[in-house]
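Here chain A shows up in two complexes: once beside chain B, once beside chain C.
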Partner chain A sequence: MVIVKRKQLSFSEKLYLPEILKGMSMTFRAMFKPRTTRQYPEEPLPVNEVTRGQPRLATNDEDGSIRCVSCGLCEAACPAYAITIDGQDTDRNAITIGGDVTEKFIEREPESFDIDMLRCILCGFCEEACPKDAIFMSDELELADFNRNDLIYGLDKLKRPVSQLRPRIDYIYKVNERWQAPSSTR
Partner chain B sequence: MIKITVNGREVEADPTKPLIAACDDSGIDVPRYCYHPAMEPKGSCRICQVEVSEGGRPGRVMAACRTQVSEGMVVNTEADGAHDARRECLEFLLKNHPLDCPICDKAGECTLQDYSFQEQQAAGRTGEPRANLEKRVDLGDVIMLDQERCILCTRCVRFQEEVTKKPELTNAGLASNSYITTFAGRPLTGNYQGNLADVCPVGALTLKPFRFKARVWNLEKSSSTCAECSRGCSISVEVLRRGDVKRIRPVFNPDVNQWWMCDTGRFSFPEVNDPERLLGGLVANGADLMGSTTGEAIKHAASVLSTSGSKVLIASPFLTVEEAERVQPLAAAIGAELLFVSPDANDLKDDLLHTGDPCPNRKGLENAGFRGISPKDAADRVTGADAAVLVGERILKLLGGFDLGATKLVTFDTTACLASGVEACIATPFYVEKAGTWINVDGHEGELTIARPLPSSVSPLETSLEELTKTLSRTGASV
Partner chain C sequence: MDMLITIGVIVAKLTCIYGGMVVIAALTTLAERKVSAWIQFRYGPNRVGPWGVLQPLADGVKFIFKEELVPDGANKWLFRLAPAISAMPAMMGVAVIPFAAASPFYQDEGPLAIASLQIDVLYILAFSGLSIYGIILGGWASNSKFSLLGAIRASAQMISYELALILSIMAVVVMTGSFQMNEIANAQGGAIWNWNIFSQPLAFILFLIATFAETNRHPFDFAECEPELVGGFHTEFSSMRFALFFLGEYCAIFVMCCMTVLFFLGGYHVPFMEDAPWFLQVGAMLTKVIALLFLFIWVRWTIPRFRFDQLMDLGWKRFLPLALANLLVTGAIASGVF
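Up next is the complex of A and B:
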């Protein structure tokens, strides 16, 4: 058994006020010293093309059309069952991607494309599964809302112009040697 | 029957059938596109190549669908030469195939995908551009043709020549410019067009009502029986995300429907996807109907029935054999005759499958002692009685609108009856939500299985009927 003796307070300590002032002086001095921690959320987290943020759907810069053909491969690949897609018929002409017409026309497009962001684990399987370069992990990381329903993102919240996702797309092509497509079709 | 050796195993083969049929019968899978057991082998796709040696001579690679079996034949379906031949054949088939699998509805159940994967043959060696054909050819109300995806197996042409005996499709053009088209570009007709999409081994012929509605690997498939006529074709009910039935396809049943089904049955799924189905029950509250649970509705129904004079019970021809057994004690308890609505034969009758009789379980109900009456007779009996019980799916639809008069009505149906005089409506499952048996026109039993879960507020018809009978006997005892 160890007996720990209580420290006997001195007179000035018993007075309480001098000790408070000592502490306050420490605080005030620290206010003018250089900052050592990140000032989040005023100062956002650093992101680059390697950051695997929330998945976003790429839209073509030329006409804002969505690249997704609702093939369902991301839905099948998703380990968290976060993606739900319903397809529909479309007459939309295939759009020229980077100046080349890659397909005659796209017959199918998503009617609804929902990602439950509460389920999404940001693993990037959807990005890897996509045969149409339509879904990419963006650099958007922040996720907050007041209710769960608003965190199921639909097409309106997921669409991003492809130019905004370009650094990530280039990075993905760089690290995946098997994706050897000419740069014009990206 | 003669004896041949397939992959080192001695099997019996029917000499009137091609070698590929003997392989099928012995459980050995040989790839095929153009061969279909219901049609004459054509040998146009060449994917079914196997190595055959006869009389001790070295093996030769030949198409299994165009080879007649002979005594002592030695077949090796996995020989290197056979695989080489299949790979070369696949390279040619994929030469003009657009590889738009992400868009194609067949992806996931496409044998072109399966065999390419199996034979590890994806890349072609030619730099020639792919053929440029029509991507969307409208072939009537049911079928959409994509000529680029077509591998010219001519199964669809032969299906119409040999099964429906009404040829409307043909292979036009020469050699590499061949394509499938209808005679003079006329749209397809007939009640068996949907089967064309089933026989097509690739995504060239797709069903318009199913186009882009779902990916096939997301569909949960359950075997069931078609409800649209008394033939009772074996079907597979395919449900997307435990919700709507997206597709109905025939399942091979040698005794009933072989490989086929009619379009009436195939496209009957909107019937079971009714967004306005009744959930729980409805109970009369003064002049209005009030939502309730099935239990409350049954209690109310029992009190109405026990205080009324003459009573009739009319069953629907959609009742299963098991449900009919539960109707018998109920009819005895209320002193009603066993009757079911038997609508007149419709004009859909044909030589192939459709019987024209819209009662899927007529035989089963007749065996259980039910008597069929016309909808008009049924309506007259209902209005003539003090209280009436209508039991079964689609009974209200079959009877049509009629004036109830002073009759108090209790219904067991998937929809509600809102006529005045209705005392209680009790929700029942659709036929895709219950397990049971239907007996078809020839006496074959058709199984129903639960293809999607029943909504929690709906109880199975058997349970509701038993509960009503029990409640009735209790109230009868107390009176």
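Up next is the complex of A and C:
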């Protein structure tokens, strides 16, 4: 059995009005305190390299060529079946890495690379699966349109220069080095 | 010709005062949301127009386009009538509120009011007493437990607080010796310490608190009481009928604030300024009323709701004896017993 001892109220507390005035002075002071609301469209969300936004395809800064070789690993890794890739043969045989033009034989490049943004769950599996460092999660979070077809993003909407994705790329490499994972070409 | 001028003056006064009241009631809804937001560290509506000033307009448009639902088993006629009945008393009450000592209109005697009666005070009290009918009919007609409970609570509450309300005013009436609001206000002209709040502080406190109960405001909003009764008497209402209940509520608050100002806060008189021009008097009146409206909103977002038995206890066992004693002492002093 628990015996609750009530607090003995003083006379002014029993009168109730002084206590109400105390409460009202508190709420009045609260009116001038800084607001905690974020005015969203004007004040965007804070983003950094850890932010896992929408996936974007990296293109080389120098010539704007796409890094993707349409191997289909991200398509296979995607748990939401959001990625659809159609590959094609290419005779493009040079890519530029870090300023050096590397002779390298590239067999394939994507003819079309579609990500259905309505299906994408922003999990980042495509980023992990990619052997060519071609797809990364960007810090772009806003997604709105008037019809569903426009939300299936093609190559034109997905391409981003590497320099724009650099903070995320560096972050991914930092994490991978900590795990002692073999790093591929940077 | 005189006839035409008289009609024109009446129409002009009706337009100004009713238009002004509805605008103030609409802006009060905005102020309510703004002040509540500030108290809770938010911004409140700020998207429609500058500082969200056009928000009430947007709300009104939204309400008009909403579907009107009448629940099964509801009394259709009373259900449709109730919102109008609930908005009517406040609208009628404002007719006798004087906003300045002398009307600026051509050939218009008496104070700036739509109508100046010999028994202003009785008239306005009678109509504020009627405002409960809208709530009872709305609650009963909608054939819902919650609505009926809210309506019953509201009626019990109004009966208990009307007594304290009227008795606390009577002390002022006894002091002034008039049932006319402009005379009560005129008796408080000049210096600020002529205001009745200083000669009748107890009556002022009783009246103010009873006003909260009378207009169903926090901390006495048992008619609505969202956590217990969903929405109380307006649970089943939608669309413009719902909005009409709120218009009635805010108009009633406006009228009650006008009454408080007239009875206790010097009415339309500018402090330390006898015979101020009419626009200054209207300005003084509105300033005081707006300050009181702010108090209403401020209290709403500060104090939690009472328990119903606490409300009844407060009304019958504390306020009624206090108001009676106050009236007795005032009467004794006024009649020269002491």
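Assume the second predicted complex is superposed on the first by the 139 of 186 C-alpha atoms of A that agree within 3 Å, B and C clash if a C-alpha of one lies under 4 Å from a C-alpha of the other, contacts with A are read in each partner's own complex, and residues count from 1 in each chain.
The rule we apply is simple: a contact is a pair of C-beta atoms (placed from the backbone, for glycine too) under 8 Å apart; a residue touches a chain by one contact, two chains touch by 3 or more.
In this text the structure is predicted, and so the values were computed from the model without any measurement.
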item	value
Partner chain in contact with A:Met31 - chain B first, chain C second, else both or neither	second
First (chain B), second (chain C), both or neither touched by A:Gln8	neither
First, second, both or neither for A:Lys132, with chain B first and chain C second	first
Which of chain B and chain C A:Gly87 touches, first, second, both or neither	first
Touching partner for A:Ala76 - first (chain B), second (chain C), both, neither	first
Contacts of A:Asn149 with chain B and chain C, given as first, second, both or neither	neither
Parts of chain B lying in touch with chain A, wherever the complex brings them together	100-103, 107, 135-136, 211-215, 217-218, 241
Chain C-facing residues of chain A, complex	17, 20, 23-24, 26-28, 30-37, 39
In the complex with chain A, residue positions of chain C that touch it	35, 38-43, 205, 298-299, 301-303
Chain A residues within the chain B interface of the complex	69-73, 75-76, 84, 87-89, 103-108, 131-132
